[in-house]
Amino acid sequence: MADTLIFGVAAFLIIASAMMVVASRHPIHSALFLVLSFLGLAVIFFQLNAPFLAAVQVIVYAGAIMVLFLFVIMLLGEDKPLPGESRLGIQLPLGILFALLLAAQIGYMLIRQPAGRTVVARPPDVQLVHAAGEKAQYADFGSVKALGNELYTQYLFAFEATSIVLLVAMVGVVVLAKRRL
Amino acid sequence: MTLDQLSQNYNLAVLAPELSLTLFALAVLLFGAFFTDETQRRLLPVLALLGAGISAASTAALWDKGRVFGDPATAIYVADNFALFFKWIFLIGLVAAILISGRFLSPRSGDSHVVAGEYYGLMMLSTVGMMFVSGARDLLVLFLGIETLSIALYVLAGFSRRRFMSNEASLKYFLLGAFAAGFLLYGIAMVYFATGSTLFPHIATAIAQGQITMADGTARAVPQPILFIGMALLLIGLGFKAALVPFHQWTPDVYEGSPTPVTAFMAVGAKAAAFAAFLHVFPGVFGSLYGQWLNVVLVIAVLTMTVGNIIAISQSSLKRMLAYSSIAHAGYLLVGVLAASAAAHGGSPDLEAARDATGGVLFYLVAYALMNMGAFAVLVYLENVRDVQGADRDSEEANIRISELSGLAWRQPLVAGALTVFLLSLAGIPPTAGFFGKFIIFREAVRQGLIGLVLVGVLNTVISVYYYLRPVLSMYTPDEAAQNMGSGDMLVESTGGGAATLRSVARPLSLGIVLAIVLCAVAVIGMVILQAAVFPMARDAAGLSASVPVTQGAVPLLR
Amino acid sequence: MPTSYYLVISAMLFTIGVLGVLVRRNAIIIFMCVEMMLNAANLAFVAAARDLKLMSGQVFVFFVMTVAAAEVAVGLAIIVALFRNRATIDVDEVNLLKY
Amino acid sequence: MPLYLIVLFPLLGFIINGLLGARLKKPLPGIIATAAVLASFVVALLNVLRLASLPEDARRITETAYTWMSVGDFRVDVSFLLDQLSSVMILVITGIGFLIHLYSVGYMQDDHNDPEGRLYARYFGWLNLFIAFMSVLVLADNYLLMFVGWEGVGLCSYFLIGYWFKREDAAEASKKAFIMNRIGDFAFLLGMMLLFVSTGTLKYFGDSGAAGNATQGVLDVARSNAGAFSAVGLAGLGGITLITLLLFIGAAGKSAQIPLYTWLPDAMAGPTPVSALIHAATMVTAGVYMCARSAALFELAPETRLIIIVVGALTALFAGLTALAHNDIKKVLAYSTVSQLGFMFMGIGAGAYIAAIFHVFTHAFFKACLFLGAGSVIHALHGEQDMRKMGGLKAKMKATNITFMLSGLALAGAAPFAGFFSKDEIIAGVWNYSGEYNSIYKIIALVGLVTAFITALYTGRQYAQVFEGKARDEHLHDHAHESPSVMTVPLWLLAIGACFAGLLGLPHLPGVPNLHAFTDWLTPVFSVQADASHAAAGTGSHNPGATLMLLLVGAVIGWAGWFMGRSMGTRQGERAVLPASTHNLSLDAVYNATFARGGLALSAALRWIDDNIVDGIVNGIGGFFGQVSSALRLTQTSFVRNYALGMAVGAAVIIALFIINR
Amino acid sequence: MFEIPFVNHHILSSLIFCPLIGAILISLLPRRVSREGAFTVALINFVFSLHLMAHWSNAPISQGRFRFEELGQWLPQFGINYHLGVDGLSVFLVLLTTFLAPLVILASWNGVVERAKEFTILLLILEAAAIGAFMALDLILFYIFFELTLVPTYMLIAGWGGARRTQAAMKFFIYTMGGSLLMWVAMLYLYFRQSAATRSFDYAPMLETARGLDLGGSGVATFLFLAFAAAFAIKAPIFPLHTWLPDAYTEAPTAATVMLAAVLSKMGIYGFLRFANPLFPETARSLAPIFIALAVVGIVYGALVAVAQTDIKRLLAYSSISHVSLIILGVFVALLAGRNAELARTGATLQMVNHGLSTGALFLLAGWLWERRRTLQTNAFGGLAQSMPLYTVLFWVALFASIGLPGLNGFVGEYLILQGAMSAGFWYAFGGATGVVLGAIYMLRMFRSAMYGETTREENRTVRDVNARETFVMALILALIIWIGVAPQPFLGVIGGDGTQQNNIAQRNATQQNATRQTMPELAQSDLSTQ
């Protein structure tokens, strides 16, 4: 019950703030609503046995990234609504229409999926398809240990590759934003 | 797991191409910080080329070894021939882009500092990202690779920071790229939810079997609707990168706005990477669902070819025209992809045909890389000419218009001749590389009975001839003023003014551009003979797949 | 809670993100909406991970966050660079390249 | 003496004159050319003598030079055949040709259209080439080779009519002549090809050869296996009728019969000796020769012959009337030629082939003589051709006057000059015709008589107008002079022919002296295939009473017409007998209005269609893509949100497709 | 002749590569000798080509009835061979090309002085490509050469053409390429109809496959045939696909026009004779009446439109349409002519050469006139015969050859074609022969207004007559014209000797096929009553 309540509140928070992000005229408001939405997500993550991710969500996303957003907004002095932001012409109805259509399509497909877990007999020749195979421990699912275990074995390469992404970002930001090179 | 095991499983030699390139990129970045401008300009390209060379050599060393990084059953990164072949293509793009970038990086008024280190470094790191895509065996790596290459390209597109167009290109590319990445990621999430894995072979197996087994021993059906959503969103995400219609609209703007060497790099490398990803995902992972996505991709292929070619007709800027042309080429490549898929997963799977077709796509990418790079190299050369003449390269009118080529052939016969070769090759006229590329792709499509698609492709080729030949016509148009100048050979300085046409030539040529143009031209024409070596390799690359396990019913090709 | 609830939330978040991209002209807000889309995907991953009892989903989210951070940095730098030149972050005013 | 020398000598003359002529001084080219033709004549004469020495049933000399074309069953050799028929023709061609060459040497000496004499050698070159082609025409042993000569003489005619190319009329006339000839050739070609399809050969006669491999020629097939032609019938037209009709159209083109005659009067724009040689004596009679050669075929096609005789009679009549309406000395002669050719075709139509050929023979003499005489007059009057400005030349140009008068009488059919016999024989042949449709033939014969009278009328008028009476243009008259002897000698020789050639073929009538050499000579050629009645018609002895009757009527008509004409000529002087509106029977105007104008209009219309519709569609397709392109590029609005919307729409559509496709 | 080991044993390759290597050499030589160099190269190639004739009778004949055959692997993985060979059908086209190439270089000596280097290089490439197309016995190889000819031609038009060259070059290229791409798809399809083990684009297996489809009554054969026909019909061209031609011929520089009209248009006809018709004999036969009808329309239409032209080159261009249509007529009546099929086929083959010579000569003459007066409008001339007597004579011969005067080459081919047509049906021959009359009309009209009449313009009075070089060029062509006209048998012998046997197989097969269905006497095949 508590679960449901938490879910309900968090979900409402996520969706409502997300809508406000889109609807707010002020960029600052949008950013703040986005933070709110991300916080809601963190709650949901927690509920979904992902405490580490929940923490990261709060610290990195809602914290660092959104602060960066706010910082840039203030830096540029664009903390007012754009003049003529609402002048979109046909784009607005079309945008709403197709966004709804997309939502409807995805929703339709989600609803069409078999509800819950259908347990089927395990055919003899079927092999385990888990990425981590037997290494995944059902018991400590969601723990930081389990995450770390996956990260540094199965996903070691990806972890290393991330360094390149970050390096690129670093260099790129310097190139683009440094006033004098 | 001990460290020994780790080092056994995770053999860094497999990553030699990526590592060497990364190391050199770091070196380039560091040198850029420490050396003087002049030294940088001379040293860095050499260093970058050296890195590319070592990377290519290590790629060659890995050829046919079929090594993987990690436990062969679950490794998320492999160095099979498919990946290695793509690495070569990326390296072609990288090398050519480095060669033609020389003048772009030369100091200009207002800049106190040369940013060559960052420029080459980003290009090399972007190439590493492409390599990740080609070697990916997991959607995660695929995603990371795409993001790596894209983020680097976002920056490169905006590298002419003073130029409005460059800013604009960068912003558009970034916003739309991130938007597309959202689709891609959501698609991956859906696929993950449906199949329980992001590892290609596992996804393929799950789809083939229609169910997945959980860790607790129970099994669950693969929810088809969610899988399909995932597939559709993946198609959108990858389609954006490959510039398929209707996800192509960023292409002309970004290509036109970016600095020309970057555009060249983007058009070759990013496109090849996108097709590597596409080949991984559609004929590969989703191969057994071929019947379901066939028609959609077919429509996209037709649209891509047609829209790209038709809009290209009315372009007046050479660069923008080449941008549309690259859209059209994506369409042709898609024909090859479809042929490959049909061969591998059609009514009667035919391994050989599938290899031929995939090899055809790879071969086409090589040809495309060469001819497109060549064309862009000439374009860069022409821009340099104008630059030398003192035109403001940051101005918004900096793009070369097709009409400005008028009479070029009589002043610069070799440059004009080279551009002619590249354009003819892009149009697919024998006996150029482009022709052989088209030949194989259409041939395989015919083999798979996709006659209608081939006819559309042929019709499009005819349309494309119009805009490819327009610059040729312009170049070979006798220009009275030019005739008075007498012969103008490529390296001879000649006088003459006039801002309207590109007349005066005061050594805008660097060794790099000459090399790029000559090598590309030789390769494009030499494909008559070279293809005897290249195509079998491409075919090997398609066939020698390291990892996808055999599942019932589907032919485990194309990874 | 059934996984599908989370998925529905995630889908809603995703489409709101899409909508935001479509109907806003402020580059930063558009970018925020893109972040929203990424977060929707993250939610789906986490939900799926729980459903499957597999850590790989969570690992994926971890990587996505990293990439998102990098992307945000570069993206904002691009916006800043643009603003310096053009003094606008209205994407409709960024319209030199067309046709 | 091999036959091909006949062709070779003038050809050689042509080559010499063509290559070196420009460097040779007057009159050397003329002399070379004349000599070449003389050599030809000698060779021809020798060969004819050789032929005559052969037994009557084997009078055929064949010589094969080389294989021209051979593909599968189709084989055509360059080979020559000299038999009685071709011997007559070749002698006329080379003989009269020689005289005209000779005459030309004098005539072209001072050419006021070409004062520097740059074209002089060219003239003789063409003339020689003409002789060569004409010889090929008559000596050919197959239709295709005949066609070579046929077109070749047309070509030379084109060159020679247009010899003074600076003159607009000459330029136009040469073009017209060639094109109208081509229309006839077109039909000839088709007929010839049908012959090959039905008989498998184009040779006239097969080789008797060694036993077993004897082959049949076209004419052999016609005689032995008439059914072979039925294979090529067309829309109710029998094969043989179709073939002969086509051949006749070909002949009509060459021999200026209705409706293809209008080129001949225009062709008078060429130098007068050319008119004499080509447009009177030889080339225009090629059609008659061809029909006579194909007699075996025509014998099988009475319908065609009916058409021929009607066309021939109409041509003869109307051309004769037109001659009355003209004042140009050469035009009158030209129409007279057309008219006489009509007579010849009447002979063909009636199956009186020998008579027709006989008329060709005599006509060659007197018409050539008339033309040359006219040329002499024109020469004397410095190019004046209008008879209304002539008159009274009798005294000044004695030789010309006499020869003109003699040959005029021959043309008029005044007994006992040559024309009388030949013309009468034709009329008799027509009258005596006893096959199908013979009532029509009787009417035709009467028409022939009327025409004969008209002939005499305009001839007499012309003579009188030119030579008698008083000079109408003193200035011209004062400067008139007799031509040099190089011109008058040929006139005399021809006039002698005009007087006495008829004696070679007197009618086979009781009481007539036994001078039938011509008919006897030719009879074997035609008698082989023709049944007795036609053979008789050919020799004119079928119905002695009627023939005699006609002979007498003809004699009367000839003389009467001559004198009436003379009185007209002297009396009227300034005026033509018939109004000028009857020129050409206005056929020229009709052609101009229909074919020429219509053709040009059609052509212009088609050009418009080609530029705007056929090509317009092609350009339209290109333009369409251009339009689409211009429209589609507008989708690149440069607005990020638009692009994003595009992607969203694409996404929605793709997902929808996946949903549907699932 | 002489002994050069490689050339003697690879004479066909030498013919292709001699001009190519020459082109490369010339690009390295200084500009001032490029014309001389190109002429030398072309001349050497011509001498090489004479080797074909000199050794014709004792040349080895392969199973496919081809001589001097060369077979090498080129792209085995695609089933593409480097397979060359000549037979009676192609040998004279090769010779025509090698013969005309040095002559057009010589003829353009003064016409193209600027950028002569590029000009001659392109001409040599064009020569090589054209020769290659005529000798290729691998379908893809043929296709490659076929397409390759477009490029130099395009650039010649673009670089040295007249005022409207842009449009002309573009239309020419796109139109032609459009057709040939369809053919290409058909080739690919045929390839995959072969059994997987022995797939090849080589002539013989493709022939077998296509025949199999065709005689098997497969409906797809019609589409395949039409795809091939599209390429060739555009190239030839056949009405109504001709509209690129007047523009291209008119706007191209003289040398390119000559090559286009004399050589390249033959590629289309050659394509029918070598590929389209033998590959699909049944389909070709059943569609022959349509093609004949189009050919007849083309003959009449081309001629009538020519009458209305005021530009000499454009007139010649339309006359070319008319003449080529006649050859097309010959190609297709050959399928219906029964026992006289060979007549039409041989005639058509010879007529290709004839048309090449006479049209080439006419375009050269027109080009020289253009060089002198910078216009080709007939009304700008008049009385040229006066100031240019020698030119007039040369013009005469070319003109009468073109309108098929017996004794000149045009007649021989025309007659054989028409005779064949007559065997197939009266109206075929009738339609074909209309060109005889119409040809005379437009040619003589043009000649009359340009050359005859009074000299009305002063500049025509002083116009220079042909010089020795021009006379020499023309004399060579005209000598050949007369030779073929007077004694065509050496040519016919080679063409008919074995050149057509290849096609005869097709004919025979088809006839057998026919014979099984309905036995009819030979004469009935030439039934005239129903056509």
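As written, the chain order gives the labels A, B, C, D and E, with residue 1 at the start of each chain.
Throughout what follows, a contact is a pair of C-beta atoms (placed from the backbone, for glycine too) under 8 Å apart; a residue touches a chain by one contact, two chains touch by 3 or more.
Note that the structure is predicted; figures quoted are calculated from it, not measured.
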Shared touching chains for chain A and chain D?
B, C
If every step must land on a chain the current one touches, say how few steps get you from chain C to chain D.
1
Target chain D, source chain B, minimum contact steps:
1
Of all the chains shown, whose C-alpha centre falls nearest the centre of every protein C-alpha atom combined?
E
Would you identify the chain whose Cα-based centre sits farthest away from the centre of chain D?
A
If you tally the C-beta contacts, which comes out ahead, A-B or A-C?
A-C
Chain B and chain E: spacing of chain centres that average the CA atoms, whole Å:
43
Between the Cα centroids of chain D and chain E the separation in whole angstrom comes to 36
Averaged-CA centre spacing for the pair chain C and chain B, given as whole angstrom
25
Chain centre separation in whole Å, for chain E relative to chain A (CA means)
70
Residue numbers in chain E touching 2 or more other chains?
174
Two or more other chains are touched by the chain B residues 140, 144, 147, 151, 154-155, 158, 161, 170-172, 175, 179, 183, 196-198, 212, 214-216, 224-226, 228-229, 252-253, 466
Give me the residue numbers in chain A that touch at least two other chains, ranges are fine.
88, 91, 94-95, 98-99, 102, 105-106, 108-110, 113, 117, 130-132, 136, 138, 154-155, 158, 162, 165, 168-169, 172, 176
Chain-to-chain touches, reported pairwise for every pair that qualifies:
A-B, A-C, A-D, B-C, B-D, B-E, C-D, D-E
Which positions of chain E touch chain D when the two form their complex?
171, 174-175, 240, 242-244, 246, 301, 304-305, 307-309, 339-340, 342-343, 346-347, 383, 385-386, 389, 393, 396, 400, 405-407, 411-412, 415-416, 418-419, 422-423, 426, 429-430, 433-434, 436-437, 440-441, 444-445, 447-448, 451-455, 487-489, 492-493, 496, 523-524, 526-529
The answer for chain A against chain C in the complex is residues 3-4, 7, 11, 14-15, 18-19, 21-22, 27, 30-31, 34, 37-38, 41, 44-45, 47-50, 52-53, 56-57, 60-61, 64-65, 68-69, 72-73, 75-76, 78, 82, 84-85, 88, 91-92, 94-96, 98-100, 102-103, 106-107, 110-111, 113, 115-117, 130-132, 136, 138, 141-142, 146-147, 149-151, 154-155, 158, 162, 165-166, 168-170, 172-173, 176-177, 179
Per the touch rule above, chain B residues touching chain E in the complex are 409-410, 413, 420, 424, 429-431, 435, 439-440, 442-443, 446-447, 451, 454-455, 458-459, 461-462, 465-466, 469-470, 472-473, 476-478, 483, 487, 531-532, 535-536, 539
Show which residues of chain A lie in contact with chain B when the two form their complex.
105-106, 108-110, 112-114, 117-123, 126-133, 136, 138, 153-158, 161-162, 164-165, 167-169, 171-172, 174-176, 180-181
Okay, in this complex, where on chain D does chain C touch?
633-634, 636-641, 644-645, 648
